[in-house]
């Protein structure tokens, strides 16, 4: 491995198989843009997701967290690095060779309105992966779809309705049901609860946690919302400009943050308690862009393990 | 708040220098532009460089180009110089197209903007009005107008303008409908701008790119229309135009191909140039293709 | 925050309908000088329609109709007028001048074809009768007020050249350019990243101290409410559920809806000392 070994020293409970489900090693993605500039969206990212655990990836616009998700699920091809899923290297597999592996990982997107075909019943949408992978058909398929609807807290009769007949929260449940159809081991949630109202958001998060407990799912939870991440994650990776600047168990990141960016991010979160109001200096910093001109490249962040499983990007001493 | 950094991240960006750069990179569009300037040059400077009156009988009728004593493009059924006709016929055609375009834009944009901006009853009434003009058989209507009034360049332009404005009105309306709910329009209201100001200074500049493209294409259509009317004998018989030349010589096409082909080619090149320019502008204004 | 002055703005029994649907149902609240009032609710609660109604923008560009109530506004000379009764031309004079508004999407709330300086100057010229040069001077002043770095250079830039945070500063500058007494901010930080949101919230608080404008902030985010509000109006399904000081609402919520809303808000630090993820303890969840 060329990246730093970021194996957690305390694996999540409830996992019998101790080999990690996903290992991402030194992953890079560079997009060429106009004027021979490049966007270094993901830079030398190494991480792993254990069985039954939720690894959250947090960061702000342009930090590369969504690109990372798209790379892992092979919707984008990486510029460099390896992705190993359940012991198999899937980095260079063709679309056809990917197919058996696709069953093991599914993605849920932010916008439940855009991710369902308005002209198809939601039952068809949820059954589609089963049909595509020829897992079930006929009555068996219908029964499995009905079970999935019940599993995500909807009723089996709902399968006959169309997306517009559901609220945003229900639609996100349907998207989750679709993601679960092939009984995947990894579900990537790309800002999956960001568009929902808080009360609905809390319900969907509870559902995700219940499903994890029942099915032993692993989540890669991509989010910009630190308060949500604190609630749902076992471990957290903080991304900044395409690189991981801090990674560790949730309590380490939230209670003992070491990197200056992690601290800034945490301090910026508004606290729903008027007695803990921040008094912040008036800053006008901007989030720097991951766009680099010809011949330029970002400086690589080296990670150091400060306590077991807690990795922190080494910063220049003047910082 | 997704942050997939794709090169085609779409955003409202003022079309200007970027669009022009994109346009110049498009070979077909540049070819169209060169063709158009070629036609303009021929029309304005041609008569000075090739000093031949298109109405003069210069030789025997039906002299094929290349035969002895024939002008470069031969002669027509009266023995007039076809090349002189092609050079001098363009000004009528282009003038008619230009006046028609001005009319089309003026009527189409005004009606489309009001309908799209106000919506409701205003929209319903204006769109019924537009549909009325749209379902009229265009050529027939233009023929009626030209026949009722004297067939001059002005009447013909007006006739063409009257039948071709609805498409631009519909496009303008669609653009205004799309733009009127954007936040910067709300913001303009929130600072107390008047409707007129919002229509003309806030929404209109943002609707320009597709309107420019469409105007270019509609000019091509206007030229074809003018030619069509002249061909049917409804042009101004005293003013030479490409369409009139084709109309007058159409009976001789089989035995004297050059009398019809050269003015036809002139129309073809002009319409093609507008079409290529229009396509080029369309691509240049498309933010998804920009920055490649 | 008890305040004995007469209110600057008093919304009374405001009712707004969209065809058969009542989007705002008999909503009442007062706003005083220097006060920040948060109107909080989830999507469809009627909070944004309430804001647009105060600007009398709900009848323009939407099918909404104000069908009842009063919106009493105290002018700088002390006279109190009902905004609902005012003609469109009177309202035009007041918008951006006495009451101004900023919107959620800094990406789309500026006109892409004009420089940001021009757009701010435009607002000043509309109301203050200044010529373009004077208006540009004023634009520079407000750019500096909202702490835009290299303000003079920024005046000549187009919106797409600025980051989301800078664009929202430009919007705030535009809103403050005519010294309004009431500023309505509709989800002003929702589209921004968290560190930029923190900057903008800090800026808004600072500006309020400097200008003493009264602010109505429309938001769905209880964190934002806790950070900036003096008083809170909680809306749900077109109605005001509860209102009170920010401490009352957060510490002694009287209504079940408010309690449920607060329970579903993820609180940073609420998980301290726990190793495993934990479900939300939701009221009435099956």
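The first chain written gets the first letter, and so on, giving A, B and C; residue counts start at 1 in each chain.
Everything that follows uses one rule, which is that a contact is a pair of C-beta atoms (placed from the backbone, for glycine too) under 8 Å apart; a residue touches a chain by one contact, two chains touch by 3 or more.
Predicted model, so just to flag it, every value in this text is computed and none were measured.
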Chains in simultaneous contact with subunit A and subunit B: C
Between the pairs A-C and B-C, the one where more C-beta pairs touch: A-C
Rounded Å distance, subunit A centre to subunit B centre (Cα mean): 53
Between subunit A and subunit C, centroid-to-centroid distance (C-alpha), Å: 33
Rounded Å distance, subunit B centre to subunit C centre (Cα mean): 48
In subunit B, residues with contacts to at least two other chains: 1
Junction residues of subunit C - those touching two or more other chains: 193
Of all residues in subunit A, the ones touching two or more other chains: 60-61, 224
In the complex, subunit A residues that touch subunit C: 13, 54, 60-61, 168, 197-199, 201-203, 205-206, 209-210, 224-228, 230-234, 249-251, 254-255, 264-278, 280-287
Touching residues on subunit B, where the partner in the complex is subunit C: 1, 11-14, 180-194, 202, 205-206
Touching residues on subunit C, where the partner in the complex is subunit A: 42-43, 147-149, 163-166, 193-199, 201-203, 206, 220-227, 229, 246-247, 250, 260-280, 282, 285
Contact set on subunit C toward subunit B in their complex: 55, 57, 60-61, 91-97, 100-105, 107-114, 122-123, 126-127, 158-160, 171, 174-175, 191, 193
